[in-house]
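Look for chain A in each of the two complexes below; its partner is chain B in the first and chain C in the second.
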Partner chain A sequence: MKDVYLIVGFLQIVFVIFMQWQVYLRKIVITFALSSAAIAVFLFVNGTYLNSINLIILAFLTIAVRGVFIPYYMLKKLKAPYKDREPRNVIPTALSIVISLFLVVVAYVVYNFTLYDITYVKAGSIPIALILQGIFLIISRNNAFIQLIGYMVMENSLFLLAGYMFPELPLIIEGGILLDLIGVVMISGIVMRLREDTVSNVIEEFEEFKG
Partner chain B sequence: MIYLLPSFFPLLASVFCISKNDKISEFSSVFASLASIAASIYIIFMKPAVSWLLYIDGFSKIMLVVISIIYLTTILFSTTYIKHVSKPLLSKSSYYLFLNLFVLSMLLSVSLNNLGFIWVGIEATTITSALLVAIDNDEASLESSWRYIIIVSTGLIMSLIGVMLIYASMHTLNISKLLNTSPLDNKLFAIGAALTIAGFSTKAGIFPMHTWLPDVHGRSIAPVSAIFSSVLLPTALFGVYRVIEISSFMNGIKMFSFILGFSTVAFASIFLITQKFYKRMFAYSSMENMGMILMGLAIDTKYALLGAVILIVSHAFAKSSAFYTTGNILSLYKTRNVNDIKGLINTIPFGAYSFVLSSLAVTGAPPFGTFLGEMLILYAVFVKFGLVLSLLILLFLAVAFFSLNYKVSKMSFSTNGDSSKRKDEVMGSFVPILNTTLAFLTIFAAGIINNLLNTGVIK
Partner chain C sequence: MLFLLSVLQLLYVLITAPLIAGIFGKITERYESKVGPSIFQPYYDLYKLFNKQSVVPEVASPLFQIVPYVTFAMYMFLTLVLPIITAFPLTFGPVVDFIGGGLIFGAIASLKKIASLDSRSNYSHLGVSRASSIGALAEPIIVLIFITFGVISHTNNPYVVNNIMQTSTQWYLSLIHWFVVFAFFMALIVETGKLPIESHSNNEFGMIDQAIEMEYSGRELAFMKWGSYIKQFLLMSVFLNDFLIPFWVPMKVGLISVIIYGFIHLLKMIVLSVIFATIQSTVSKYKLFKNFEYVAVAFSFAFLAIIVFYTTGGAL
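And then the complex of A and B:
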């Protein structure tokens, strides 16, 4: 099972780096759908291996919610100009890829020097790398859709972590987390749409937000 | 089943709100909030409840009552205030629908017996309140709503990792079991507890993850700012307290929480000096109060906990009153800038007095309950950490006191106010006065609060 985990974990990192340099929002959303599908496959395989019905149900929920519903909803909410390209990046693309790779190394080093002694899971640095990359995606991009995907990348990494390290985590809690995610995405979709209609320059700070 | 009644009524009201009829939505929300108060008070006299779903001790009961009362006053204030919003994002019935769901998620968050469910409940408060933040439907309110969603959700991811690590070290997330279980791995548990506290603290506006709070409180409409500051932040701190409770054997976790609380008080007090916008100023004041409460919860001795809970109760009434009044001021003056407001005493006399008194209350002046709460926490700090730290905290509290009250007095008592703007609405004035009075009366409820915290029931 460790091999499947490693392959899916490695794929997740590649997907996020792809999202990092990608400027076409549609492709970023589709990449997110693929990464969610990879996690669903992992949960399904692990569920079959451990004979855990909870993990298998979670795999189906993951593919339905993260792999299909959320990407579909986001693509529907994307307006024409944003479907093509993000207007501008905060950090240049090349630099953002370098930082992304650097974060993977940082996660590996930090994990091996701190958490490995506690968890004894060799590839435990993968979810940490994904969490760091999710945070970086949020802070390095202006577009609210990509920031939301950054948030979901972080959540995906937790599902990977939970599926591998804590497969016995009660399904009802993971189901609750998934339901929350649907809520967050739907409400965010409304706010993002309105925000892109009204906010002329999102980088510019409003005077009242200073201090 | 009866323990779920306070949560049942807002759920029922939400169903009525789906009818899209404004009158029905308003009436059902008022009825639900009244019924919720009655049910919460009834529960105070019942035995503490422990089941697989619910864990209702004395602290939970106090939170249920406070949330229910603020629920009622917010609904009452909204009935007159909402018409001042020129181009609302939501219809009246949708506004009440989200408000009811928001209260429902808070009531459930303080009643649940599972750390995972508490996480779900606290995250649900974000979903149900994000559109309420943006109701003004302008650039700044939409921007603040987006910041709220993304910052708080990212912070809560941190607590989700923490919850998973706690599960890994304890093999359960059931709070009543966690209280009686030792972790299989202390280090893993400590990391999990610290991450959970840090994540929930984001929602409570604790430094350094507080950045969403001034933006949201500053830009959302008065009733929403009021309910956020008075009960949403304490609900998140309630989640923090549950983690402190289950890690009571670890002094490091308590110290970590204490440092977060202390930094928040220090940061908020300093930032209060330079605030130019009155709603934002009260947001920083909320941070200062949450910092004090967190210190009390972290010290977790008898007096510290009592002080923290008294402060939660009294702050809820006082701060909601202050925010309601800021709504009246904004609707009259159409500005949030402190320097543009003068002579409130001439324009909204009742509102001005209520504003001054509620400002005194939120900064811990006697004879309000906040004074007693802060003194008890300071006493606990003195006993545990000595004189120097207590004096330092006192200094920060004094800075916050003078910064806030100076500006509020200037707004209220400066002589050149425009009395042609004179306008006191019945409900708009009544609700803040009622809540300021409740903030004062809290001091007499100290014995009841102490009894509830110690025995979990009033006989």
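And then the complex of A and C:
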């Protein structure tokens, strides 16, 4: 089980680094869908291994809500092709990739000095690293869609943490969080659509060529 | 016997390195729906260049003329110490390890750059500047990869690494190994100039390696080009034999098995060339500065391998 957790956990870290790299929103949304699918696979495998029906239900909920519905809804909300990419960066992309990587190291060090003495799980730093990476994805990007994905990356990491370390957590709590997310995404989508309709669509002619 | 096999390996690399370059050129042209040159075109080019007169810039020092011969000799030396068609050390095998090989590659790159600057050509300076800035980012990845493999195998000897990878399924399937494979693959694309940022014609917007050898002609240019083919061949061989597909490389001394593996290795190289050509032809051309983002991702993979090692306590 540990092997599956490690593979899925590090896959999540790679997915977040890939999201930091990309400028196309469509690719980022699809990457998020894949990362959610990986979480669902992990929950399903763990559920089968522990014989826990709660985890299996959670796996199906995850794939339905995060793997399919939310990405589909977000892709539908993305408008014309020029809106599909984010030409302006708060932090240069290469630097943001390195910072994201650095956060993994920070999480590892902090975890080993603090929580490791309680959990005794050596790879427990992965979800914490993902939380930090999700926060960084939010602050390093201007686009509200990507910021929303950053928030959901944080949630994914909580599912990874709970699925591996606290599989006995009541389904109502985790399922509740998952279903709340639908509301958050739908309301955010409407708000973003309204904002985009009021803000000028004109992107400066040479803005795309900036680093 | 080992000395004979060393000579065989040297000849194998010298002869087949231009062929791999020719096959790669052919595949990229086929991707563009062109007939493309013959796969033996690099041989024709080398033959033509060897028969041409050399022209040397008036302002260049003797170093400019010496460097192609020195670098070619260094490539030949590297051929004798890396696991190309054998997984047992040949006569010169124990002379250097991964780090030593890396340093020789680095010395060759530095010599080429110094000689190129010596030509006083603006285009050469442009190429040197670009190659240096990309190399400064790509080299740490290679070093990290070698350190990671050193940690796994408790040695930096490429032959030992190959033997461990061939015999230990646990290490071959480990997450650490695959992160290293991805990182090395990405770095290899940069090192062999296969990333679609580079132009292999004399187009100043995209030329990097092309600009470094721009002022060379005749025999010197032939040695520079042949050396580049060998460099590409060696890096691809190390990637295949130590990282991606370390299997079937003969671990016991034997002429027949080495000869048979020579053909298998050629097939492996062709498959890798097809992958490179597919990447170069299907990925849209990057802007030059986008290269840094690509290198940052490659660095992330190499670094993650080390994090995996510590996170798992070196178990997976």
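Basically, the second predicted complex is superposed on the first by the 195 of 211 C-alpha atoms of A that agree within 3 Å, B and C clash if a C-alpha of one lies under 4 Å from a C-alpha of the other, contacts with A are read in each partner's own complex, and residues count from 1 in each chain.
Just so we're on the same page, contacts are C-beta pairs under 8 Å (C-beta built on N, C-alpha and C of every residue); 3 or more make two chains touch, one makes a residue touch a chain.
No experiment lies behind these values; they were computed from the predicted model shown.
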| item | value |
| --- | --- |
| First (chain B), second (chain C), both or neither touched by A:Lys122 | second |
| Partner chain(s) touched by A:Ile190 [first = chain B, second = chain C, both, neither] | first |
| Touching partner for A:Ile138 - first (chain B), second (chain C), both, neither | first |
| Touching partner for A:Ile39 - first (chain B), second (chain C), both, neither | neither |
| Partner chain(s) touched by A:Leu101 [first = chain B, second = chain C, both, neither] | second |
| Touching partner for A:Ile63 - first (chain B), second (chain C), both, neither | neither |
| Partner chain in contact with A:Val153 - chain B first, chain C second, else both or neither | neither |
| Partner chain(s) touched by A:Asp3 [first = chain B, second = chain C, both, neither] | second |
| Chain C versus chain B, contacts on chain A by residue | B |
| Footprint overlap on chain A, where chain B in one structure and chain C in the other make contact | 209, 211 |
| Partner chain A, residues of chain B touching it in the complex | 89, 114, 116-117, 119-120, 123-124, 126-128, 130-131, 134, 137-140, 142-146, 149-150, 153-154, 157, 160-161, 164, 167-168, 171, 173, 185, 187-188, 191, 214-215, 218-219, 271, 274-277, 280, 336 |
| Touching residues on chain C, where the partner in the complex is chain A | 175, 179, 287, 289, 292-293, 295-297, 299-301, 303-304, 307-308, 310-313, 316 |
| Chain C-facing residues of chain A, complex | 2-3, 6-7, 10, 13-14, 17-18, 21, 93-95, 97-98, 100-101, 104-105, 108, 122-123, 125-126, 209, 211 |
| In the complex, chain A residues that touch chain B | 115, 117-119, 131, 135, 138, 144, 147-148, 151, 154-155, 158, 161-162, 165-166, 168-170, 172-173, 176-177, 179-180, 183-184, 187-188, 190-192, 194-195, 198-200, 202, 206, 208-209, 211 |
